[in-house]
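As structure tokens, the structure follows; a few thoughts come after it.
Naming follows writing order (A, B, C, D and E), and every chain is counted from residue 1.
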Amino acid sequence: MDIATVIGLVAGFFFFAMSIILDKGLTGLLAFWNAPSVMITFGGAFASVLIIHPMDKFINALKSVTKAFKNTIVDEAGVIRNIIELSNVARKEGLLALEEAADNIDDDFLKKGIMLVVDGTDPELVRNILETELIFIGGRHKEVASFWEKVAEMGPAWGMIGTLIGLINMLGSLDDPSAIGPAMAVALLTTMYGSLLANLVATPFAEKLKIKSGQEMLLKEVMIEGLLSIQAGENPRVIEEKLKAFLAPVLRASLNPNEKEGE
Amino acid sequence: MDIATVIGLVAGFFFFAMSIILDKGLTGLLAFWNAPSVMITFGGAFASVLIIHPMDKFINALKSVTKAFKNTIVDEAGVIRNIIELSNVARKEGLLALEEAADNIDDDFLKKGIMLVVDGTDPELVRNILETELIFIGGRHKEVASFWEKVAEMGPAWGMIGTLIGLINMLGSLDDPSAIGPAMAVALLTTMYGSLLANLVATPFAEKLKIKSGQEMLLKEVMIEGLLSIQAGENPRVIEEKLKAFLAPVLRASLNPNEKEGE
Amino acid sequence: MDIATVIGLVAGFFFFAMSIILDKGLTGLLAFWNAPSVMITFGGAFASVLIIHPMDKFINALKSVTKAFKNTIVDEAGVIRNIIELSNVARKEGLLALEEAADNIDDDFLKKGIMLVVDGTDPELVRNILETELIFIGGRHKEVASFWEKVAEMGPAWGMIGTLIGLINMLGSLDDPSAIGPAMAVALLTTMYGSLLANLVATPFAEKLKIKSGQEMLLKEVMIEGLLSIQAGENPRVIEEKLKAFLAPVLRASLNPNEKEGE
Amino acid sequence: MDIATVIGLVAGFFFFAMSIILDKGLTGLLAFWNAPSVMITFGGAFASVLIIHPMDKFINALKSVTKAFKNTIVDEAGVIRNIIELSNVARKEGLLALEEAADNIDDDFLKKGIMLVVDGTDPELVRNILETELIFIGGRHKEVASFWEKVAEMGPAWGMIGTLIGLINMLGSLDDPSAIGPAMAVALLTTMYGSLLANLVATPFAEKLKIKSGQEMLLKEVMIEGLLSIQAGENPRVIEEKLKAFLAPVLRASLNPNEKEGE
Amino acid sequence: MDIATVIGLVAGFFFFAMSIILDKGLTGLLAFWNAPSVMITFGGAFASVLIIHPMDKFINALKSVTKAFKNTIVDEAGVIRNIIELSNVARKEGLLALEEAADNIDDDFLKKGIMLVVDGTDPELVRNILETELIFIGGRHKEVASFWEKVAEMGPAWGMIGTLIGLINMLGSLDDPSAIGPAMAVALLTTMYGSLLANLVATPFAEKLKIKSGQEMLLKEVMIEGLLSIQAGENPRVIEEKLKAFLAPVLRASLNPNEKEGE
């Protein structure tokens, strides 16, 4: 569980509800629920977003909601340790011995890279294949983040359309002055729904997915750099030095606790 | 038929209509139609967009509407299979044998590339010609998407101009208080029209066209990469490995169902 | 005459006027003319834009208005035909024979390029000189487009300033309730003027100038590519193949009507 | 004196004042001066901008106001003439003779470049040093322009904060209905101040500084290009041809009045 | 202490408070404090920002507040002097002698670079390692600045949500006309809080952190350039010339006071 996503969402709705309850009591919350307003804001926003995306990408992106809640473990130090280990194996027992070592590795991307190296693929081609794959993984991540960015754009737009509908309806029949206030209140609800959809859900989700994508991409870049160094037969010590630059200083100690680190 | 475009459009208009009907009944819809308001919003927006574009590009872009509804079949796996087949032909029977094989291929771009290869064109020139062509196809796609982006910009702008005209007209003659409400309702209509034009039609169309363009461009990049590999006499196995990186993992199985895929 | 610019402008003003006339009759138009409002919106906007630009560039950009109305003929096929002809001349009679052939060419840029080739200038230097020139032509185009973008930014800004002045004036003396409506109507006029200036004139002009610039730049790029190929003594057939990629498929037939074209 | 800056500023304030005077007479202007409103808008905006910039950069940027009024003479043709002259000197009397010739040159950047050439610095290093310097000059220009962009952003923001304060104060005590109008008028003043600060002063200043920076940078690029050509011992005729591409066509005649120029 | 940050913050709040006090006296300030309004604006904004960032990055970024107040001493001249000194040491006593010299250096980045040089690391690898590290330092800076940019985005968004809640509550019960004014005043408070959070705190902090990051990055680039020059055994005089280009002209005198500087 990505605890920040959960806490943020819960806190956001809590502050929202509390600011109503403090003013109007618990029953005040009822005034903030209006089914047709929900329909036009959320329905309209997702209708627009549906036109934008081919069906399969739309469904795919909706499913990505779970990703914002999952706690991706980005164990950079672990990956670097793995690669150094692999480079030691390659040094002592040759590149072919990596095949067996690959069995203990969970990451599909790293595994695929090792198999390419074991197969004796040309280094240029290994880099080519892995980087193309990396670009496509990044592209798929971007598609999903952009889906939520579109939701964040369409939510407030349809909120405003809903409010305009409400105002036009209200202004068309001003016979009963006492109905004006409540009618306007309802009209404003859609703007508020749209704003909540954008600022509490869609924008934060898009941003979180982007940050997670960035972490994943970085990890995979470390893998490519490491694999190519192994294939080039570089010294494990040099590889470590090279890959350590990818680590935040605070994480370097965890890589090699019994080594004195200057920074 | 691009089912997502159709469902999205229908759903958007349905939610819009329902939110009126639920409040004011079916006759309530009548209050949302006003011919002069339609004229100023849509007429004005397209007038501005017409100034922006030379006449032929304007007409061309209007015709592109159909493209948002057509279901472009992007069969990446099929294209890759085609190329691998071609590379096998070239290997066994020489580059000239590709001419005959090209007869079974529908895609004009791929066909043209094969003819260039068959003609013995210099590889550098083949890449040059095909990439220039690709850039221009992309440029034409961008022109059409940008047309809809301009519509999405001009719709709300003219909606606001219409509302200002309505307000100025209303404020100029406040003699009859009972006319103020309906006059303001009508004034707000143009803002709503502009918002619907932008958020339910123009922006989604622009985005969908961009996504479709991206898929088409990618496919053509795969073709260029593949053709150059064939011309260079690369091993079909290597070509497959190279091109597979362009595929989403879920599609790789479809490329070669009886091969065990690690990812 | 660029017919799209004219039709767009006329249509825009027609829709604007009609939406007033339909509501208030022909005399209703009078309410939309207010000299001080015109002064603050247009005067203020151009004052701000004048601060931005050095005097000579300001005058230059104002003159560019005509360019949005002129019908630039972008005869890509003609240019390509010219270049192929030149390459034939160069092949048969040598580079020096191009001097005479250049006399029939109208375009100064192409002419200059030919003279450089005739003078035996180093190919690297020819490319260098022509591309620097191209960059500067593009830079001058961008300056003019950016002028209109600034007008499009400053128009609504001064429209709002005018409306604020009107509101402040009105709110300062609320003695006569019957004067409030008309006063607000006048106050809103400047916002409307600013919006019209931006969305019917300035933004469309800026965009049209950008599109025309793009077409002109492309044409000049074709020329550079062609000239360098001629200087390199490339085969006219290859040059044609190369340059044809710059053409939209529909135009390729016009280049060589008696040749079967695959796409 | 940069006449455009002065005319623009004067005209802007004139149109602003006139639109008030035409409506309310000269005494009407008094209603547009309110010391606390000035304080919150300008004070707040500059307070925010002060947090953004380290103290020395803040003071530096404030001083840059004068630069928007100064008439930078950008004599490209003169610089090119200078460089051609220098190249003639270098050709006839050797690179060392440039030292003496440099005494007649005002521009520090050009002088520095000549001294590097005279000192026999490696061409690669000359380019390196001069381009690094150019990047830093550009960086300092950008800092100053960005200062005014921040003012243009913070002015309207604090204008709105001021208006909100005014509205909240007014709404808190609605006892005296006759005070509502004037109170709202005062509340709107800050929004107007912020808008004037942004659109008549800060944005135009930022843009003008950017344009001037662009001209200065271009001039220096011409110098670098010329100096390196001199150091490489290129023919003065070739250098002229090369540098002329940096000139607008209309200026080329001034470079060499007795030469027929095609464009 | 970064005096500009402190003065700016204090001045901003002072102008804010004064504009209230001048109108309503000291007790007027009380009307601008409302606990539930504070809760929804600040609570909501930080809840949204919390969803965006993984927990550790959120806490990290909050801690970065102190950085906007700390006075980072960017002693470019000092660093350049250090490097020239080191280059003299390296010239006279060899690269190994740098180890001892490194003891007097505070900067961890420079120290690490020296150790790499002393260890006889390949120059390409030294550049590789140091630049990768630089990119990551820049990335971490960007993360923190982007945190404050998100706060600046979410503050006004939640301010508007708060105002909508207040308006809806107010419009739902218009029984007591005398309560409308104060209720609207309270509703507007959240918009004002959001605006203050964005424009007085979050945006300025983000910008200041970016400027400080830029200065730090530049300093480190000078170090890399210098270290590689030392390793290449370049002449200290040449290194000085090279690095001086990184300095603003006014700072060059401080580098070498007894040398006549042309600019």
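FYI, contacts are C-beta pairs under 8 Å (C-beta built on N, C-alpha and C of every residue); 3 or more make two chains touch, one makes a residue touch a chain.
Everything quoted here is computed from the prediction, not taken from an experiment.
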Separation of chain E from chain C in steps, with touching chains one step apart: 2
Given chain B and chain E, the chains that contact each of them: A
Copy-to-copy rotation for chain C and chain D - C-alpha atoms, rounded to a multiple of 5°: 70
Rounded Å distance between chain A and chain D, as computed from the means of their C-alpha atoms: 41
Centre-to-centre distance between chain C and chain B (centres being mean Cα positions), rounded to whole Å: 25
Overlap residues in chain E, where contacts from two or more other chains coincide: none
Pairwise touch network: line, ring, star, complete, or other: ring
Chain D contact footprint on chain C (complex, rising order): 36-37, 39-40, 43-44, 46-55, 57-58, 108-109, 111-112, 115-116, 121, 125, 128-130, 132-133, 136, 140, 150, 153-154, 157-158, 160-162, 164-169, 171-174
Chain B-touching residues of chain C, taken from the complex the two chains share: 2-5, 7-9, 11-12, 14-16, 18-20, 22-24, 28, 31-32, 68, 178, 180-182, 184-185, 188-189, 191-192, 195-196, 198-200, 203-205, 207-208, 211-212, 238, 241-242, 245-248, 262-263
